[in-house]
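Following this line, the structures themselves.
Look for subunit A in each of the two complexes below; its partner is subunit B in the first and subunit C in the second.
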Partner chain A sequence: MIEEKFDAIVVGAGMAGNAAAYTMASRGLKVLQLERGEYPGSKNVQGAIMYASMLEKIIPDFREDAPLERHLVEQRFWMMDDKSHTGMHYRSEDFNEDKPNRYTIVRAQFDKWFSRKCRDMGVTLLTETTVTELIQNDQGKVLGVKTDRKGGAVFADVVVLAEGINGLLGPRSGLRTSPKPETVALAVKEMHFLPAETIESRFNVKGDEGVVIEMVGTFSKGMTGLGFLYTNKESISVGLGCLVSDFAETRESPYAMLEGFKNHPSIAPLLEGSECKEYAAHLIPEGGYKEIPQLFGDGWVVVGDAAHFNNAIHREGSNLAMTSGRLAGEAIHRIKAARDPMTKEHLKLYKQLLDDSFLMKDLKKYKDMPGLLHTNSSNFFLSYPQLVSQAAQNFLRVDGTSKLEKEKRTSRAFIEKRSRIGLISDAVRLAFAWR
Partner chain B sequence: MHIVVCIKQVPDSAQIRVHPVTNTIMRQGVPTIINPYDLFALEEALRLRDKHGGEVTVLTMGPPMAEDSLRKALTFGADRAVLLTDRFFAGSDTLATSYALAAAIEKIGEVYGKPEIVFTGKQTIDGDTAQVGPGIAKRQSLLQLTYVSKIAELDLDGGKITVERRSEGGVQVLETKLPVLITMLEGTNDMRRGSMADALRAARSDLVIWSAKDAGIEDILKCGLRGSPTVVKRVFAPAARAEKAEQIEIRPAAIDTADALIETIFGTLPALETELVELHQTL
Partner chain C sequence: MTIAVRVEDKLFQNRYLVDAGRPHITVAVHEKPSANLMALTTICPAKCYELNEKGQVDVTPDGCMECGTCRVLCEASGEITWNYPRGGYGVLYKFG
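This part shows the complex of A and B:
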């Protein structure tokens, strides 16, 4: 047992854990951070896109030395069938601003940097140290943690659980349940290396500009799923994710699906000549607002993916992680400054700060979306992409058929596939869920 | 008792590749580790300390990022870490490296007590020379025990140490006087997992960081590229062998397997068969 007592112990050194640790240490708290990986980021495989304004609130001048890949100037959204894609692209010179809004990052490098910032601020970080259980008293108050190291019990006023989506600690201690298969996606990703000049010419960008493509379509075989492609400085992150319950039901293999995806005629030319250096898989919380567990209790709070904070519709995960970590850190600091105990009653402040922030407001807005997309997955991810593709081709091919007849054909195809009532009901439900 | 363990931060050779065109090692993005052979030396040192008392100092020469390896060594339980870092050391071969390390060990002796034992790994996985350990011993006038597989006995009062040394054709049991330099073989022990207290101490302790001047090195010309007579004339990746290993199925009876093996060998080397048959006839 370690005699020394800390103000706070943070379990995990990902986005949420680092944000919490940094926030607390920068306000003078004595923070111990425990990470099971060999170094922060070694277990993190996110895509990834990082949103500047959420990090600015923690480290305002991060652009000076953070390992950023490219700032995004163009977003593409594709609906794909087996041979085609119908796309919407948005590109703007406005994104080439002094302080860009979105960046691609490589988490293994970014997390190392973030962790260095935490340590510079005074956080004591132990790596290769797994927290095995929470130390609780008879009333369930969390007093500290036990680790897998000899003499590994250590105590603190509060424990911040930033253990990620499949963290075992919270469920094992009865603080929350494990995520259900229908509320988490399994994402697989590859990193493909290409020279910077090739990426720039292939994606029509220059310097540090970057492009993101997000796709839905037949590649997910009717499952609720999303494909993605991000340009980094000298590599491309490409991957896809589908709900775990869908994978279980369809018996599809994620890896085979990714192979098919990479060989799609719209994607293969973008990757041509690249060298795949890394294959990774990870779980992503997709359940939204309805799956958020109890967020605080006597002597503990939960942040980031572990708290199911992910906006699946806008694919915002790391910024919610950073924001929840920061707000937990701020709440803990305020309670500490007021010399109040870290009880459930006082830690409620964390939840109040969350409720007042964009984080909870956004998640609440889309609370019905995950359910809708899942129950109608074959329509949204299989039928509609095919129909849209057919419609586009029908419209563009000039073959002597009258335009009126073409329009009729297109609407007939939609109705045959989904019925008039089905189409209207999907549209109405989508509108309500988006509201 | 004071033990100094020399370690080196090396690229993880399992993840390193040779550039197909330039034939240079591609270090970019390759994670670094403590030279695996050095870990056997460190663990052996920690065991001796636990049994006989005293301190273990780890020493490395390298760029500032070698701090990671030293902190790791502290997490395993080493008492002190010294980083010898200076731009004068860049480009050192084994001669210049052993010169600098020997000077640092001399300085460590002055500041923290003269070491009874200096440990190194058998060799590093990036250089593979096995020259630095003996080089330090020579400069420090230490007796040297290389390729040690086991520390059989340490008699501090008597100033003696007995070790087992692997050599061609067997194991030598050697006894010698302290102080001594030992290069440790692989597979001789399992590195321990540091306790929580060790991990905390490692995360928070200050490393001893010395420049060439701090270590008392006066002759800069013996350091780094200028002190390194070794010239790399050519680096090349050996061509992959065309022939593949042939597998022979094991038959129920051992003699049948042996027959099948001989048949296969003679099948590829008919000259050998003729030669052996002739030899057999002359006998």
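This part shows the complex of A and C:
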């Protein structure tokens, strides 16, 4: 389809792919980017929160024309049972700054913008093009890709795999394994539209200010899961995700769970009168540090979700995608500039740059968290939310019971449910996994 | 509280370009579905998998959102084959 040879082929036009393509093209490399969707973003799903500092490192003046929804001034964490929520809210005027730190975005729109920036830098983008195979020589060195276009082989010095969590090329070429049910979450989400003024009054914000709510609780039916509600300019993203292995065991229907979640008495009033315009589903990498695969080889690197880069505890994914894409691009540029070949030995520079960055340090810090939360899901996601709700209600309801008796009741409930040993062990294990 | 939900009402909101006659997912011939294959009839977020009158699982991936849940559960065992739709086909998110 294209006769010429490229310095690099990037497979995918999501956050990681665009970051890699932009970084390389802006340093003068000849880059071909392949995207199977009709337009960049048409296959991509995210909550979505975008962290400014990681994008600033790629496009410093992005605020001038990027499609940003709202900058976040308030974060709410809710622990929910069937009728209640116990919350921790943090709101600060400090978040109303010249260059805000976090924004909500709508991925299809954001990705179109990011892709336009890449093309402005000289990236050749082909959409509606599914890469079907990596072309490898007898030694396994990646030479290029085959696509579903006519005569669809194309060659490059290096292929950047930014194919997402459900990417097929890497696993089918033996470069990494497919995700396992216990290391990925299935998330479902809806986009609910409301007038901007309604959102502002319901969430007590003005102008472009926005609010994030993230929840755990009985809505996940004892599965390891998280719910979320993000305010966009004129819409609300609402959804939940649970581990695929837990879904397989419980056989709960994700869309019925989402419906129950939306109808929760703490959530329904926030969505009332809205019009749903899209329903989406996507996998999220949840295995953390221990699931990171081999990241480079002869003629290839892997970035973003495909490399299992996601910090499930802090719910950071797209910034790790952007950072890994940027670092891969920088490494490739440096190797190219030194006129060295794109061998495994040279491409290990990418891994060195990652190791020196916050990305690997953060994932390493929480390496034991997935194991803890995934094996104790009914305690952390069902029992504790119920107990906390009961405790809060017991504390607040004035009914003539003495305060001492109320306290005893609450501690008895915790001990009966989890036992003293269980409570201590949960606390200790959580503390150790966190440090 | 039980809430009746028809996933069709949700999928109706979405844009798709269906590659007619070229399903990107197929189920292998089987006598009795495994636990994971059976689970897909309820956990597939687009309800693409259904039990037929013979007690076997069929797939109709027209409403598929290409999440990969079924691939993660049933590809390695050979119970399903999973490929991306041809370029440009499949789900087309307006918002994502």
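Please note the rule applied: the second predicted complex is superposed on the first by the 433 of 435 C-alpha atoms of A that agree within 3 Å, B and C clash if a C-alpha of one lies under 4 Å from a C-alpha of the other, contacts with A are read in each partner's own complex, and residues count from 1 in each chain.
Just so it is clear, contacts are C-beta pairs under 8 Å (C-beta built on N, C-alpha and C of every residue); 3 or more make two chains touch, one makes a residue touch a chain.
Keep in mind that this is a model prediction, so the values were computed, not measured.
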### Query
Given the touch rule stated above, what does A:Ala281 touch, subunit B (first), subunit C (second), both, or neither?
second
### Which superposed partner A:Thr124 touches (first subunit B, second subunit C, both, neither)
first
### Task
Using the touch definition from the top, say if A:Arg149 reaches subunit B (first), subunit C (second), both or neither.
both
### Query
By residue count, is subunit A touched more by subunit B or by subunit C?
C
### Query
Once the complexes are superposed, what residues of subunit A are shared between the subunit B interface and the subunit C interface?
128-129, 147, 149
### Query
For the complex, which residues does subunit C have touching subunit A?
1, 3, 5, 7, 10-11, 13-14, 17, 35-36, 38-39, 42-43, 45-47, 65-69, 71-73, 75-76, 82-88, 90-96
## Note on the structure
Per the touch rule above, subunit A residues touching subunit B in the complex are 2, 4, 32, 124-126, 128-129, 147, 149-154
### Message
Which residues of subunit B touch subunit A once you look at their complex with the stated criterion?
### Response
75, 193-197, 199-200, 203-204
### Message
So in the complex, the part of subunit A that touches subunit C is made up of which residues?
### Response
36-38, 41-46, 48, 106-109, 111, 127-130, 147-149, 165-166, 168, 178-181, 184, 186, 188, 190-191, 235, 244, 247-249, 251-256, 259-260, 263, 276-283
